[in-house]
């Protein structure tokens, strides 16, 4: 078990480094957000994790013609992922449009 | 030329990602430093780039017994790298000790 | 496990577009956290996302050098998602936006869940490392999906808050079951597919029971937390396909989302634990009785007197709160402001950052009624100007003007910054009863000498006030 | 180029220690930028570094599975470096610390340079990618080394500022030569080793000529810039050995150092370009004559009058500046403070963040003289308290009290925050002449009605003042 974990660690070392750097970066980058922007920031971040759609596209695009189950599930996954991405960005933009008016200071 | 560059990009892709994340992180992490800490921060950062000593150790440790030039240059490199690391951290600590007195607020 | 080591593709342009995608996500999040650049930040992230999606479709090749197929299905799905997503996002009312975010977040979670399902079906004997990632991605995606749906239902009122007796214990047991079954599957102790689907079922149940007891008013915090869950689920997808943009995007949202959740709690002076265990938000009923404990006599004021007082004031400040949103009285409030302005009264709004039930709620609410933004004062500015104000009109706000936050170290909201209305000459409070607000605690302000109460539903009272004022 | 793809080692513990090393560097830098955690941050980074070094020595294995040898040499070098480095760092005077930092930075640059040299010698036909990295690492390391040595020489006065006519053009030409020769070597157009060494020579020359014309007072900025160069050089080493801790450590310093350089320039209200081209710092001579242009009459005050004024004041604020450091009068200054305190005068120091020639210079200087830290006021606090001060005593400060920074938009220092001494009742300025300070510009303050000049070397004047005061 431990051996497997170490092997996993080794073979994914660079990815793990990327994960750790990204964690720090995620924290640093938003740590001074004012309270008014909490909702749009949440919404914008929500749209960004829609990047999971790329996985859905790959799954869908690699499914065999005959594999109806995969095709249907993959189709659903792409639709849902697109909803997340597109809806997320659009709704964030609308929020910020409203808030934006308040800005000028 | 361009082909070589693309190949290089491909084979070092994860490292390049790490570089880019580190660039952002370096910027974010220190961007609110107050002016009084400029000198110690510079000095601490100076100690950190002494990590180059690891390269020197590897070079030195892999040099062939007979390769006097490499041994001498490697030896010099390790000495200089150690100076950078040790001197850097110690001098930073001394600076901060002085400044530290000023802190309490 | 060797496939993890390989690069996901050898096409440098695809890799480059992923790198650009990651950079736009970082910049997008950074810009989203500054008021001046937020909108641009959102755009930039959207551009990076679009780029990553299209390069994936056209440039991705698997280990055998084959590109993607099923283009018809893919584009059909993209078009459907885009059309529905855009319409939903465009049509939604400002006040229903947190619901919408929750819904979209659930979609992302479901997408991650489906990917894991398909991968599990497609590869009947995956390496343990890959299986671990598939299982973890599915669990987190499912929890996020199920939880988001409950949060959505709560926010639009379809699902009521209910505390199940012993809920914590049940949740804990389910969580244990999920872990145990996953260890069995990943460790290779069972090859039975039913166990895998049992994990799915338990994870869904966990998501539901996790969100169920939390007070509806705490949903923004919960959504933010589930949002970071979905980020982590996306990152597992990144591991699965060795895909750097999924990885960085997912992790960035995972960590930024966690910090944001904590910041949100801080802004309302609560801890995350507090929110999750539901220590004060969850029991509006329990807090009710406190309202009957009289601490002196609250002074009432008549509509007529209020109208006179306001008409002859030089400066009036309106403090909107959750009650104004509940009463949907923002338009009537704007009306009042216009009538007063015509009479030569200088009117401004004092906006507390966590008034209402989502951050920025009041900004959004008043923007909807076309209140000019120069009139909205942020808390600090409002407090600075409070000294010169003759009449403060509090419309359905309670906690955000509670002096206990400043004076009473034993109060649960002690330390939260508030609007210091007592610096003004007169304070008029409109609410329907003496009941407490969100935090479920008494408000001394109502008994202070400067304060007069004007009971009634905010919309009704404002309408009457406006017609009164026209007669003054 | 294949060797780049491989992991540097298959020992997971070594990899883990590198990951921990990278994390300590990130945390270290973060903590170094907050006053309360700075010292701990430095420690943490040092611990991570130590860990990385020792795991490398014991766990590193090359592609053939061989560990390192030559342990005797390695440890001898480590011990020598540690002893010398510690001693130098412990013995150095506070005021000579920037010199020391420059020296250590140069050592790092030289180390990077040597690594490239050895790698070049060891591998006579490296792949172009590897060769590129070797050459780039060498160039940057060499520039950093040579530049740091010059900066060091300037700071300790061994090297005088001198502008070479047409220097910019020569520098540019050398830079071109470096690029051209590197392209030849890396592109494989020449296999002549002499060309490689020519690059080395030109890079050293470039480093020297780059720093030479920059004013000695600007050296902290230059050192910070060279510091970030060395970081980049270390990162090239990271590429060369596919070593993640060298990579992240180097790049973090490279980017943090660049931002720090810019922040430093901002703090003294200059642009980096401005410093590098030396637009005002470089010509103390040129600025001199400006001092003769009288704009009215500066009022002088006698030592005796100064003593009386101070002795009968309630509050005195001392504003130290570069001149106090030059005169090494910090101990006498502390003396003055003690005498005044004995007489019942309340004494404080107003510390401008960029007074002197390095950030925090005044803090360090006064700490050396054991001035109790409660008496040091940061600029904002000092300005807040200025209103109640009877006598402000300016000791060798000039630019940091120049009202042009606030009043005169055409002034080169316009916008820099200053100590607003004119809010006090009396201002006494001690300096040796009417000559301008670092920025080379007039100071209106000296001609203002509240101001009196007390000419003379700071140490001498303070000594006399102390004995005068003992007689009052």
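Just so it is clear, A, B, C and D label the chains in written order, and each chain counts residues from 1 on its own.
We adopt the following convention: a residue touches a chain if its C-beta (ideal position, glycine included) is under 8 Å from a C-beta of that chain, and two chains touch if they have at least 3 such contacts.
For clarity, every value in this text was computed on a predicted model and none was experimentally measured.
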Discussion item. Count the C-beta contact pairs for A-C and for A-D, then tell me which is higher.
Written reply: A-C
Worksheet item: So which chain is the furthest away from chain B, centre to centre on CA atoms?
Response: C
Worksheet, complete the sentence: Between chain A and chain C, the Cα-mean centres are separated in Å by 17
Worksheet item: How many angstrom between the C-alpha centroids of chain D and chain A?
Response: 42
Item to complete: For chain A and chain B, let me know how many angstrom lie between their CA-based centres, rounded off.
Response: 33
Item to complete: Measure off the straight-line distance from the CA centroid of chain C to the CA centroid of chain D, and report it in whole Å.
Response: 46
Fill in: Sequence positions of chain A contacting 2 or more other chains
7, 14-15, 17-18, 21-22, 24-25, 28-29
Worksheet item: If you look at chain C, which of its residues touch at least two other chains?
Response: 26, 30, 244, 248
Fill in: Complex interface listing, chain A residues touching chain C
1, 4, 7-8, 11-12, 15, 18-19, 22-27, 29-63, 65, 67, 69-71, 73-104
Worksheet item: Which bits of chain B are touching chain C when the two form their complex?
Response: 6-7, 9-10, 13-14, 16-17, 20-21, 24, 28
Discussion item. Under the stated contact criterion, what part of chain A meets chain B in this complex?
Written reply: 14-15, 17-18, 21-22, 24-25, 28-29
Worksheet item: Taking the complex as given, what residues does chain C use to touch chain B?
Response: 7, 10, 12, 15-16, 19, 22-23, 26, 30, 244, 248
Worksheet, complete the sentence: The answer for chain C against chain A in the complex is residues 1-2, 4-5, 21, 25-26, 28-30, 32-36, 38-39, 41-43, 45-46, 49, 52-53, 56-57, 60, 62, 67-71, 73-74, 76-78, 80-82, 84-86, 88-90, 92, 94, 97-98, 100-101, 103-105, 107-108, 110-112, 114-115, 117-119, 121-122, 128-129, 187, 220, 223-224, 227-228, 230-231, 233-235, 237-257, 259-260, 263-264, 267, 353-354, 358-360, 363-364, 367-368, 373, 376, 378
